[in-house]
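Naming follows writing order (A, B and C), and every chain is counted from residue 1.
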């Protein structure tokens, strides 16, 4: 065994390489559309990675993660909408006609998602267990219904995004550019989250998941740390939502629906909870399953349901856990 | 004699039952203060009231001169009031070394550090190893709590709590379920703390209590019925009737 | 708001409340006794609705349809418990949420395979389609029938829980499940019975809902969320809490939908007022649940249990 090269590291490295060369492989296979499909997977993986931080490491089962995903998407959608229409963005103390500039939209998307996550987290973390699950669901549903009712942005029908975000040196209408932007974001997010979970902050989260009472008795105000983790996860979901809005050129309340939250949770589990890397694997497995199964039968959900149940019951470590084994550095 | 911890008139009711009915305690700095009594006397409730995990219906708690009655558990621990549990309360996926390192980490103020890997942080790991070794526990350093025995877990819990350099310890039956050698080791460890760390020791093992304690309070049915040095407690008629029987 | 309108909305609120109670009573006991979060409870409701509507239309008999719906939901419940839920009792809530989410995905698709994607519209039977005159206000007899059915079930459950040995075990199990196991009660069997009753009540709710709501895929999820709101407000494990919570949520939701658009119409154009009004009612229910969770998480009628 070469020093430092464990099975775990090999798998992670292989994933990185695959991520980097995928468009080339797609072209070689004569199916450039694969790159587009891969972009979708990568975008979802970003949101899922943030969710793994709070579910897998902090032990907080949030059933409202899609709310922050949707908020990020709406931030981009609303700013783009007003920019195209040359109308004023409502509720601001100054007159502003939105923006098509990605360097303006994206930070705002992240900020909006983070603010809502901080507020929702502060209230939700006053509860635990199943109540936490229910209250995060409730807040997400409130936002969902709010956007459904908002006639300004077409309510349930959602907003079309007529022009993708502009970035210097990038053309988001170029499939390769979009893919590499998303992949770069994913790599950065995973790198950041891996640093976080191995840091002192991460130790506190992991200890809190195992025995909250003990950690509090040692003198650690656990709720504070969880709130920060919740906010970080929300911000990352907002970033993912901003990318997704561009990808589908649309934003609607369905992006905030609890079934979307459920989908994110499924990806966390399928990939392997408590690994961060599992986020990409989970997205590949779920979205990949959806694609392949729907080619076989239009009733693919008939198989997805039982597969999910079986994974939950018997294969908890998920696909990444199966491939890579235990993290030697954890 | 300076008082480190003072409880006055603590009352805690569960439904119609007063588990603590007017509990007052005075624990002198640097002393080992024993708290004994039959099962159901309310000793664990008293510990929970002192640690902040339970809120009293009446009464107050003063620690190092300040009123801490309204303080939540983590704030009390930050001030140096640490505890152990009847069943060792630990992090089962972590190793013994992880526990002591975590304790040292809590002394650093806050843990909002996101980039340095904690497991490779020598400023935490090296002192943690030293502390484990000082208690003869270096063999447990890399063992996960889930994989070690009950008695060893107790020792790890004590090591962890001592690593926070506490001012005072609330120990809830630390000898329970321990074998003879382990018991003797713990008595030595606790004895060595006298004068440096104030200890309130809830115990059923009378030999241990009478050997270690400077002062003993006896609780029966939610109330203290006698307080004094071991000899006077042994001789106290009310205590004998209520609790010790033929043991003294 | 005129008096007849107030009476009508109040009755509507009771009717929704009774439907919610049918759903919530089973769910609160499942969660209270076994600590099991079951997202698939809504799917049992959907099964009851689909089978109920089909039997009603095939046989021409409303009562037969209701019985059929209840029976189908009961059978589906037994299969569900045996195949999936049985393995989840010892698992944490995340596993339960994910696994029962998988059940929802499967059941929704199964229904689509068997009945197709289109919604089914049925109507109340002739003998219940005439309006009844209540204090001068005409009110649909069918909705009265739902209220009556709900009250009958309430009395039945009340008798069961307060006056029978089974009920005593249920109450004990809801407060301390380990203890009654230690006392020799066959907790597995107890749970099967409780779950079966809950499943049939969900099926009953679904079958009764068919004639007034659209029978469609996803109907289970809509009512499931409201049901969770009810049991959180009422207190997990308490059937009495489920009753009070269901009435509360039913009334708040109904009044909200009736009053809010009117209030908003004074401020906004009618189409916007109706749209926003409906969503505000939805938001209001969730807001109510969030407030309860933050202020008094144990609900109105606390029933303690280890989990």
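The rule is short, and it goes like this: contacts are C-beta pairs under 8 Å (C-beta built on N, C-alpha and C of every residue); 3 or more make two chains touch, one makes a residue touch a chain.
Please read these numbers as outputs of a predicted model, since none were measured by experiment.
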Discussion item. Building nodes from the protein chains and edges from chain pairs that touch, which of line, ring, star, complete or other describes the result?
Written reply: line
Discussion item. If I count C-beta pairs in contact for every pair of chains, which pair wins?
Written reply: A-C
Item to complete: Express in whole angstrom the distance between the two chain centres, defined as the mean CA positions of chain A and chain C.
Response: 32
Item to complete: For chain A and chain B, let me know how many angstrom lie between their CA-based centres, rounded off.
Response: 44
Fill in: Geometric centre distance via CA averages, chain C-chain B, whole Å
49
Discussion item. Quick check: what residues of chain C touch more than one other chain, meaning two or more?
Written reply: none
Fill in: Residues of chain B touching chain A in the complex
51, 53, 72-78, 82-83, 85, 89-94, 98, 102-103, 105-106, 108, 111-119, 121, 160-161, 164
Discussion item. Could you list, by residue number, the parts of chain C that touch chain A in their complex?
Written reply: 31, 37, 84, 87-88, 91, 93-95, 97-99, 101-110, 112-113, 221, 225, 228-229, 232, 236, 271-272, 275-276, 278-280, 282-283, 286-287, 289-290, 293-294, 297, 307
Item to complete: Note which residues of chain A are touching chain B in the complex, please.
Response: 195-196, 198-204, 206-207, 210-211, 213-222, 225, 228, 329-330
Discussion item. Under the stated contact criterion, what part of chain A meets chain C in this complex?
Written reply: 55, 61, 63, 123, 126-127, 129-131, 133-135, 137-139, 141-142, 145-146, 148-151, 155, 258-259, 262, 265-266, 269, 299-302, 304-309, 312-313, 316
